[in-house]
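Same chain, two partners: chain A is paired with chain B first, then with chain C.
Here is the complex of A and B:
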């Protein structure tokens, strides 16, 4: 393997490894715009120029590999290349590149949504000049509407072409192209062919400046106010890793919501979703906003559901369960609930000797984004539930046989409703759900459950990867996490369970579920005691 | 005798006369107290009183809702909700709501320092009075009203502000100049 000296560090560099990656490996940050690990290397931004001894001029680190030299030609007797990433020559080049990039940039940071996480800002601050020598009139092309959810602020563009390469290499839809040349070069779409595919939201994350802006998130909030929480997309069984950006508005006496998820971004996980998520997941909460959220417990009085307190709703449910023998009760798990919640449900069913089953997930379309240039085709799974495999594992079931299970049951408790088709309505239907739908309308008792953003837990994706999602915001209205509701129900049925937080449930689940024996709790729940979902039973 | 040395000390005549002499001295000194509210103090131009939101030449608020002021604010008393200025409007972003809690504010002037658009400034108004705490939360319309009132009393200052703004607008930095093909892109 060639031996390289980068600044003062000696690095062994792989045969096809770029200088950029080798430097990154030893902790040397080289600034870049056009480089992205998931996209083809074009080396067009010239921001990553480094000084390679012997090369006639500066070379771009992102595309330079180092061949092994014959023994006699080695530099200083042992190196195949000596590279400086921070000498005066490199610094001058970076200053020059940034000066060029800023010639036509409008510097409208106050109104730009990227401000705060903008690479042009960061690098100008770190490597750039403090003043511009440009005295001519700036070229300010107008912004464009690229499609249903993306704006292109043409004047902010630095022509890194990441978005163009994304549509060519990852989504394969090829909507974006560079039009015109040189000074006049712009990103554009063909007339009548807007940027409209299920992966288009990713170009906004890819854009290193504020050129591509998501219409859903425009002007919603400044990025430095966001709090980032690691999460898992519940949209399908793929289980894409995401980051939830939330913001607390606790200033003044507001009339608006105080705690909200503002955007969902992909989080890198090479084995699951690489760097991307689909727009179904990205705008998942937008879709949820269209549904009616159940905020308080309801109990059927006459033919209508009436709002009641938690104590009353629980006592009504317990009364109905106790009125029949445990053999006439069925507990139904959910592919939308976490492993921990399904585990608790299974535990309760085994202890009481009731019937146990899991409801079926909703199935939709599969869509695969596949191109020759992308080694990782991105598939949107048809199983539109995050945890069907996990629910079956934790409940020790092979498949859903809902109608058969509830056929002779009088009391049925369901986790999550999600429009499950019930052939016959049982005498008493207790639903622990988040949104109103056909099943909740039939319910006799309705207990509001927290969404995936409001609780912690793990989902098992279609390939069996158990992934943790974290609570980002407080539960809306009076809703509670499903595991908390189950613990309260269990204590009413004579079980003395005590779990300080959902991590306690996970610990017990790992001990008792054979398939999860190999899981490491410390990795899933590193901040075991800070989950802040404490409750006293 | 309990204290003092003789009967003259016990009558306290000398201390009383000393005190009266000080009172007499002050009758001929320069008066420090103003008969407020009939008389009002002329405050220095950099006095930090009630905030105002300044207007541009079209009478709209200059504020672009960048939230620099609320970020800089150590008392966390500014709240801004941003909105779209419209596709054809020359301003991209503007505040739909802009609120300052004047009771929470510590009048440090950091918001004025932080503002990149010269949109928030402080006036010499300091005699705020109202009946409820809610009334001290100034919304956008009230803060613009403060500006209107302020420039009536200080037209010279408004002129100076406008001069600065125009000088900035005329520099190449802010010039909006469409290139030959900019107009061919319309919304899809």
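Here is the complex of A and C:
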């Protein structure tokens, strides 16, 4: 393997490995714009220029590889290349590149949504000049509407072409292109062919500056106010890794602070979603906003559901359960609930000897994005639930046979509610759910459950990867995590369970569910931090 | 109706494509052939070229907007490109443009004259510096321009 010296460090560099990569491995950060690990290398921005001894001029680190030299030609007797990433020559080049990029760049930072996570800001601060020498008039192209969810703030573009390459190489939809050239170059879409596909949100993350802006998020928050939480998308059985950016949000005229998830971003996971998520997942919470959230417990009084306290709702539930024999009770797990929650439900059912089943997920469209330039085709799965495989595994069920299971039952307790079709309504239906729908309308008792953003747990995706999502915000209204509700029900039924947190449930689950025996608890639930680790069962 | 190449241009297109390892590589010559047939590259023409080369129309637009020699707007029967780079510039390209505007009745870069005959644009160096000032009209060079020479040419074209 070729041996290179980067600044003062000796690094072995792979045959086709770029200088950029090798430097990164040993902790040397080279600034870059056009490079992205998921896209083809174009080496057009010139931000990553480094000084390679013997080369006639500076070379772009992102595209330069090092061939092995014959023994006699080795530099300093052993190196195949000697590279400086921080000498005066390189620093001058970086200053020059930034000066070019800033010629026409507006001073928009105070109103730009990217401010705070903008590469142009960061690098200007780190490598740029402190004042501009440009006294001419700036070119000010107007912002453009590229499609249903994205604006192009044309004047902010630095022409890295990442967005264009994304539509060419990853989504394969080819909406974006560079028009004109030089001073006049602009990103654009063809007339009447807007940027509109289920992956388009990714170009906003890709844009190193604030040129591509998501209409859902525009002017909604400042990035330095965000708290980041690792999560998993519940949109389908693919189980994309995401980051939830949350923010304390002060309602006008109200003292009270409300937690709010401001945006969902992809989190790199090479085996599941690489660097991307689809827009179904990205705007998941927008869709949720259209549904009515159940905020407080309800009990049916007469023909109507009435709001009651937790204590009352629980005591009514317990009464109903105790009034019949356990043979006439069924507990129904959910492909929308975590492994831990389904596990507790299964445990309760087995202890009491009741019926046990899982409801079917909703099925929808599937779509695959693939091009011959992308080694990782991206499929949005048709199974629109995050944890059907996990629910079946934890409950040791092979399939859902809901109608059969509840046919002769008097009391049915259901986790989650997602418009499950019930052939017949049992005498008493207790639903632990988050949103109003056809099932909750028939419920006799309604217990408000926390969403995936409001609790922690694990989902098992379609390929068997068990992945952890974390609580990002407080549960809305009076809703509680499903596992807590189950613990309270169990204690009312004479079981004395004690779990300090959902990690305790996970520990017990790993001990008792065969398929999960190999999981390592401290990787899923590390004590002080959350890791991105995932394990396959 | 979608545009088509005329049978004779189609032959040229096929010939152009046959000279390259893949269809995409024939984009520039095919665009030139299209410009000869249709006069300028409209959106429909771009679609035709995209169809012919089996490319997304975006890739064609990309290229058309990059090169100044593809006309994005309709041009006159005589499309006059006046070189205004250094040598011609020093030798009076500006006066040439002014005089042409006056004679032809159309402003430089502002479309076609009323009679449909002329359009004028400024061009970057056309590589004929030794005979400055000069202009290219359609495919031909007219060099060493003087008022008299322009009078003669324009009058001839007008009377056609």
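FYI, the second predicted complex is superposed on the first by the 520 of 537 C-alpha atoms of A that agree within 3 Å, B and C clash if a C-alpha of one lies under 4 Å from a C-alpha of the other, contacts with A are read in each partner's own complex, and residues count from 1 in each chain.
Quick note on the criterion: contacts are C-beta pairs under 8 Å (C-beta built on N, C-alpha and C of every residue); 3 or more make two chains touch, one makes a residue touch a chain.
As the structure is a computational prediction, the values presented were derived from the model and not from experiment.
S.K.: Mind working out whether A:111 is in touch with chain B, chain C, both or neither, as first, second, both or neither?
M.R.: Touch status of A:111: first partner only.
S.K.: Touch check for A:222: first (chain B), second (chain C), both, or neither?
M.R.: first
S.K.: Kindly classify A:190 by the partners it touches after superposition: chain B alone (first), chain C alone (second), both, or neither?
M.R.: second
S.K.: Determine, under the contact definition given at the top, whether A:145 touches first (chain B), second (chain C), both, or neither.
M.R.: first
S.K.: I'd like to know which partner A:180 touches here: chain B for first, chain C for second, both or neither.
M.R.: Both chain B and chain C are touched by A:180.
S.K.: Looking only at chain A, is it chain B or chain C that touches more of its residues?
M.R.: It is B that touches the greater number of chain A residues.
S.K.: Once the two structures are fitted together, what part of chain A is touched by chain B and by chain C alike?
M.R.: Residues 180, 189, 191 of chain A touch both chain B and chain C.
S.K.: Can you tell me which positions in chain C touch chain A when the two form their complex?
M.R.: Listed in rising order, the residues are 43, 56-59, 61-62, 65-66.
S.K.: Which of the residues in chain A end up touching chain B in this complex?
M.R.: 107-111, 115, 134-142, 144-147, 154, 180, 184, 188-189, 191-192, 194, 218-220, 222, 224-225, 249, 251-254, 256
S.K.: What part of chain B is in contact with chain A in the complex they form?
M.R.: 64-68, 70-71, 76-79, 81-84, 92-93, 99, 101, 116-117, 134, 137, 172-173, 175-179, 181-183, 185, 187-188
S.K.: Within their complex, state which residues of chain A touch chain C.
M.R.: So the residues of chain A touching chain C come out as 174-181, 189-191, 193.
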